[in-house]
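Chain lettering (A, B, C, D, E, F, G and H) follows the sequence in which the chains are written, and residue indices restart at 1 in each chain.
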Amino acid sequence: MAKRVLMTGNEALGEGAIRGGCDCYFGYPITPQNELTAYMARHMPDHDRTFIQSESEIAAINMVFGASVAGARSMTSSSSPGVSLKQEGMSYLAGCCLPALIVNVMRAGPGLGDITPSQADYFQATRGGGHGDYRTVVLTPATVQEMHDFAAEAFDIADRYRNPVMILTDGRLGQMMEPLTLWDKEAAPPAKPWALTGAAKRIKRTIRSYYAGRVPENNARIQATLRKIEQNEVRFETYMMDDADIMLVAFGTAARLCRGAVDCVRADGIRAGLLRPQTVWPFPHEAIAGYCDQLKTVLTVEMNAGQMVEDVRLAVEGRTPVRFYGTIGGDVPSVADVVEQIRLLTTGSES
Amino acid sequence: MAKRVLMTGNEALGEGAIRGGCDCYFGYPITPQNELTAYMARHMPDHDRTFIQSESEIAAINMVFGASVAGARSMTSSSSPGVSLKQEGMSYLAGCCLPALIVNVMRAGPGLGDITPSQADYFQATRGGGHGDYRTVVLTPATVQEMHDFAAEAFDIADRYRNPVMILTDGRLGQMMEPLTLWDKEAAPPAKPWALTGAAKRIKRTIRSYYAGRVPENNARIQATLRKIEQNEVRFETYMMDDADIMLVAFGTAARLCRGAVDCVRADGIRAGLLRPQTVWPFPHEAIAGYCDQLKTVLTVEMNAGQMVEDVRLAVEGRTPVRFYGTIGGDVPSVADVVEQIRLLTTGSES
Amino acid sequence: MSEIALYTRPQSLEDVSMHYCPGCGHGIVHKLIAELMDEMDLRDKTVAVAPVGCSVIAYEYWDVDCTEAAHGRAPAVATGIKRFRPDAFVLVYQGDGDLASIGIAETIYAANRGENFTTIFINNTIYGMTGGQMAPTTLPGQVTTTSPTGRDVATMGYPIRMCEIYDTLEAPSFIARTMLDSPGGIRKTKTLIRKAFEAQVAGQGFSVVEILSPCPTYMRMDPIQAMKHIKDKVSEYFPVKIFRDRTAE
Amino acid sequence: MSEIALYTRPQSLEDVSMHYCPGCGHGIVHKLIAELMDEMDLRDKTVAVAPVGCSVIAYEYWDVDCTEAAHGRAPAVATGIKRFRPDAFVLVYQGDGDLASIGIAETIYAANRGENFTTIFINNTIYGMTGGQMAPTTLPGQVTTTSPTGRDVATMGYPIRMCEIYDTLEAPSFIARTMLDSPGGIRKTKTLIRKAFEAQVAGQGFSVVEILSPCPTYMRMDPIQAMKHIKDKVSEYFPVKIFRDRTAE
Amino acid sequence: MAKATKNSTRARTFRIKIHKDFCKGCMLCVEYCPKDCLAVTTDRLNAKGMPFTECVHPADCVGCRACTTVCPDAVIELFEITDEDTDG
Amino acid sequence: MAKATKNSTRARTFRIKIHKDFCKGCMLCVEYCPKDCLAVTTDRLNAKGMPFTECVHPADCVGCRACTTVCPDAVIELFEITDEDTDG
Amino acid sequence: MSHHEVIFSGSGGQGLMFLGKVLAKLALDAYEHVTFFPSYGAEVRGGTSNCQVILSATPIASPVVEHASAMVLMNQPSVDRFLPQLPAEGMAFVNSSLASAEGDNVVLVPASDIALELGDVRAANVTIFGTFLSQVPIIDKAVALAGIQAVSKRKGDKAVEINTRAFERGLEFLTAAAK
Amino acid sequence: MSHHEVIFSGSGGQGLMFLGKVLAKLALDAYEHVTFFPSYGAEVRGGTSNCQVILSATPIASPVVEHASAMVLMNQPSVDRFLPQLPAEGMAFVNSSLASAEGDNVVLVPASDIALELGDVRAANVTIFGTFLSQVPIIDKAVALAGIQAVSKRKGDKAVEINTRAFERGLEFLTAAAK
């Protein structure tokens, strides 16, 4: 096994992005992702790459847009209120078919809320918080290793489809340290025959989402790409699902807790299992649907008031009861809390 | 019948807001809602009320926030890209439990897109495009009369629940003229014992979404309000549903077209009906579910790539096949297009 | 025998301990504002707007009506308040990240419209709340977590001088920069805040006082050094002066 | 017998009719830019950024690589482009609503960082594209759809003078205001744009030319009157001059 | 390359070429031509459906370039007619 | 209301009152007291767990208010002790 | 007939929006449902502009005309764009001063010439509107004239006079021509 | 035992984060799974700060300690906050120079006093860490010492020396006390 190092999730993500070939990072301070910005401030210059602390989140996402236009692998990171400010820019990235990486280290909202961990930006991330028909590929790491790996891979996905990719995580994963093995592949960005480089020896190129009278065409092109992504990029992991009759569905921090809870209740003979989406868009609808026959219940666990549970319901379509357990406003359930929920379900009285 | 006047949807909306007691309007130009801003510029000063053309959409939503803090009935309007910029501010309004009216006269996205009519901001409007767990009441007028009436009523709803309300419409409804009867009730804003007025003769008040360690409490309060809204404020209209075995679900401009299509196919003996949500959050889940038994198919028609259809599926939960017909990027279906879709469904070959 | 009170804790300051670090300029300015609220009888009609920054919970310290505002948007929020309640005394309190970076548009535009409220601008050359990142006002060469080898003006730009920008606008009635470098500087600061408040009370439109202020924690100095640093280094780049004063007119 | 071409349509201008209204200043400046691209041999390395405004489809008129940008954000987009491609010639074209209202933060910050690109700023005192609303630069008293009784400076503020704001910053290398008031003014404008381009080519950092420009449609005048109005009224409020010129240094 | 000699006392002759379908009849060239060489049609429209400029007094043109400078649509091109041969 | 007479030649006496639990031991008052009346504890902590100011030489205080002015936490109050009666 | 769909199209300055609005407004008493829909978008700056008016006894699904009962086309681009969509039972009124068109249900009216003759070319719209109403009597002619006069009043007595004569010339145009 | 959950808590300057990170880092070879979790949020400015380290053979569900095996508590607020959560089978190491605590499984170490005696009060953390490892040998002592020395080196030879002695004094503290 390669040497393991200990890093915070935020720093591991930053290092992953650098190894994934990130050319330009633009960001504005906000807790709980400041370690990521600081990491990039320290390390991007070492690699002769661009780091800018921008004047605002809006400037950052539009700098990302510009760098991407020019062919760079570019990224920004922020946390919930800052990501809300980026919604127009994200819609422009999607509308102009530009690859980019956006990181949301979620905190409690709405409003200023608190800097405590949360998963309450799920809808915003998966449904396009910006205007218009678009989607962002949304990766949801659950370990520091995945923070690192997903960041490195995100650029490949973004470039492959010319579509923005988001990493959706929270302050607990961002600020905890865990061992990880560093990515050691060579970043290999594809040629970008659409990028703006100056039109020497060729006809000019234009990057735009506005085409008088031809916006439906542009939309159709985007929709076709999204269908491809849905086919190819769904990622998830299952745990103890072979004989499970109760399936937990959870992502990120909540999924870790659920895994712990599955271990606990298995010890008591409860046949619980876990399906952990690693992408929440595209969402593992089919995988979930595939388990319906063997299940008595589905329990969705989220650190929000019930968001991903809609995707679970859309997957299950009434074939199995779908229950929800969530904590709001920055509270994080303990493993014991989840265990209790499972027990309640399996003994009949439900939450 | 009271005297009817002819107005554009945008102007009728503005006049409705004024009659509903709008104290302050803040906006930034964007097509296709400029007639509304211009109307307010002309008429708010007549009533000694505040009109400001702000420096940006972000400034506008935060001015709305300030006026609401001070106890005013305040509003802003914009169109898709501008509404994306307001997402942080909307989350703050919701997090601070402040009433306000936000109007989105949707246009084609993503990105700059086009100024043609669209319904592609449905997810953003209904799922909270901003960060955190919140919802906005979303009214979806289908006539110029409703543009007017909903604007007038929106302030009452917002004040009743201390929650922002959105009117979600499009450029076709905004720019067409239709006759309407003007609202003639006296606006009666409730007392606002929470508003900031200067603390003379009382203890001070604070408006905030941040409470160190007590954000979960604040979230719970918001969630409780949202449950109340779900109970009390669902609005919809049905047409020809008594004996229908195919139900169209559509809102706004698309719903008008569907109504026309229902008339057409009824002439041929096809038993089609229409359910038209007038609020898309809260969504008429129960009403839709209630029809499932009598239906062979549900056809959702939207001017987007398929957004409200998720809510319809969540309501139907697999009991009836749910089909979708949509146009993207600013295309608007004709009545004939919808008729064709119904015919395809009823003759077996589906879209 | 009896006692005459020469200085007591201001009434408008809540009787709680503030969360600021030892020697933080926010505390000093909070106190001055509370003193002026008492002296000018403003408490009862004040509506304050707190920023997002270390002073985010200023509402826990002043005994006045107060609202939160999104990061940088306090001037827009104050505009909404003041337009609806022209008789209220509206106080906006902002840090340098809040006012000069993310919120630069809102403050310039409120100033340009001559909105009749007062902005107290705490320039501590750093983002305090988020842990010491570079601010728009960070000095050349100053080390922060996002300028780890010191602010390099060639790639990160120069410190922004807000008063000089306000001074290009027609509408503002009072624009001054002052510093918390000593008891004398603090007294002077209070005089200028008073003038800014008077401008608002007289309906003269936008007034602003920029206060060069110590953040011992992220200036990486003890509180005494930080105060001296304000005078020696910070005020060198940011000249302390009254840029405009229409209160006399 | 033979002919010498004294003026022909610039190569870098596409051979299509522009959608601007008769007499619009955008057309004039597009042409000047295209002429300079030809003369300075810039076409091959140019990456342009179009604004949101009447000139939103500038990319259909210049024969260069060009991208869209969200309303007001062109300077941020240009920053991203130029940092990744320092050898590109980056041209930002913005209207007064785009640059001075919604986008004021981005332009000030790009200028302050001394980003090495050139901004051409079309100040026509109006929001053209959206149908004639008040711009930050609309003159006092000027009638627009959102100032139907004329801009009232007491509630709507004064026209913003961007060059004066840029001039408070350290980094910009070239700042000038000029006007399209006559063939002479147009020639002068071209000279200044050339200087701004030269500043970028020499790596001197942010350069900007503000151009007082006719919008006959929403100035509610015929094109000839509009040009005269620029000289008589617009330039009275916005002094035409070179604020800074480091190209000589 | 041959040049028109600036200090030639001989009257110089110029040719104005108009891309008539780009013209929008804004009248700016007409206004600023010091020699009143140009006029906008009142009886005919171009392909855009707009009146357009014509050079009605070509002989009067002094090649001052006011028209080419002021035209927002780059409609007008200007040539000098010389007796000399140009090489290429 | 009675006032301490400014031009009295008699030495004036002052009392410093310290809200010790608000003090953070920042030393600013100590630094700026011209008479070195104040000192911060080195052996005791207040309820916040921080060292705090004490008036160690009360008699030397000249009532200059440097300490009350500079203190970021409004910890220090200052009173003048007079022989006269005050009415209310 | 209780359902009419009318398209008015021409160049920017020809006053088509004016006609559409007048028609829609005057129809308020006679029709339960009325819509007026302006063209907008990229077309606004230069080129043609059009508006569409629908009058109906039943709710109007789309304000965009799908089956025109009549068209008023004031210039060639308008003819080129809309005439092909004219249903067999519809009628088109074409300003023959500026455009040419053919067809059984096409009425040619030299509206600009007539208006010029009356002293103001801008009255071409009112002229052709007269002819239109003479053939497609969807609102009362007297009401229409009164309405046009009321709106013209803002522009002064002279405008009222010219528009009145233009409307009457238009109304009589076909009868006069037939004579 | 293959699962350990440790809480380190004290005031800002007491070097608790340092201890937690050293432990987590040194445990990398011996444990497949390791988490280190700092407290953050409102607590950061003043007051207590804490970090939590979990070492395990199996995946760690939550980096937040639910069943502490051990606690190192450096001041009174830390004792007040965490000691009540100590399970019966856990052990707490309390800096008795600054805090008092009682209980069967509480070990009192006058760490600040010892460190002061050694010449630098800041070595209190390393001192108590020694005692902790003497009782809860979750990582090898020699490895721990070497690790501390390596990190101390950045602060100079003097720091290495003091920390070495502090660690040893801590390690021996209970045996010495028992004597």
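One rule holds in what follows: contacts are C-beta pairs under 8 Å (C-beta built on N, C-alpha and C of every residue); 3 or more make two chains touch, one makes a residue touch a chain.
The UniProt protein names, listed by chain, are C, D = Thiamine pyrophosphate enzyme TPP-binding domain-containing protein.
What you see is a predicted model, and the numbers here were worked out from it, not measured in a lab.
Asker: Supply the minimal count of touching-chain steps required to go from chain F to chain G.
Answerer: 3
Asker: How short can a path of touching chains from chain B to chain G be, counted in steps?
Answerer: Minimum step count, chain B to chain G: 1.
Asker: By the contact definition above, name the pair with the higher C-beta contact count: A-C or F-H.
Answerer: Counting C-beta pairs in contact, A-C comes out ahead.
Asker: Quick one: point me to the chain whose Cα centre is farthest from that of chain B.
Answerer: F
Asker: List the centre-to-centre spacing of chain E and chain G in whole Å, with centres computed as mean CA coordinates.
Answerer: The answer is 41 Å.
Asker: For chain E versus chain F, what separation do you get between their C-alpha means, in angstrom?
Answerer: Roughly 87 Å, centre to centre.
Asker: Mind checking the centre-to-centre distance between chain B and chain E? Centres are C-alpha means, answer in whole Å.
Answerer: Averaging C-alpha atoms per chain gives centres 57 Å apart.
Asker: What are the residue numbers in chain H that touch two or more other chains?
Answerer: 42, 46
Asker: On chain A, where are the residues touching two or more other chains?
Answerer: Expected reply: 31, 52, 55-56, 58, 81, 88, 92, 96, 111-112, 114, 116, 208-210, 212-213.
Asker: What residues in chain E touch two or more of the other chains?
Answerer: In chain E, residues 48 touch at least two other chains, as defined above.
Asker: Can you list the chain C residues touching chain F in their complex?
Answerer: Contact set of chain C toward chain F: 1-10, 13, 17-18, 20-28, 31, 34, 182-183, 186-187, 216, 222-224, 227.
Asker: Show me the residue ranges of chain F that touch chain C in the complex, using the header's touch definition.
Answerer: For chain F paired with chain C, touching residues are 2-4, 14-15, 19, 21-22, 24-28, 31-32, 48, 50, 63, 65-66, 68-74, 76-86.
Asker: Could you please specify the touching residues of chain F with respect to chain H in the complex?
Answerer: Spelled out, the residues of chain F in touch with chain H are 48-49.
Asker: Can you tell me which positions in chain B touch chain D when the two form their complex?
Answerer: Its residues touching chain D are 28-31, 34, 37-38, 41-42, 52-53, 55-57, 81, 111-112.
Asker: Note which residues of chain G are touching chain E in the complex, please.
Answerer: 11, 46, 75-77
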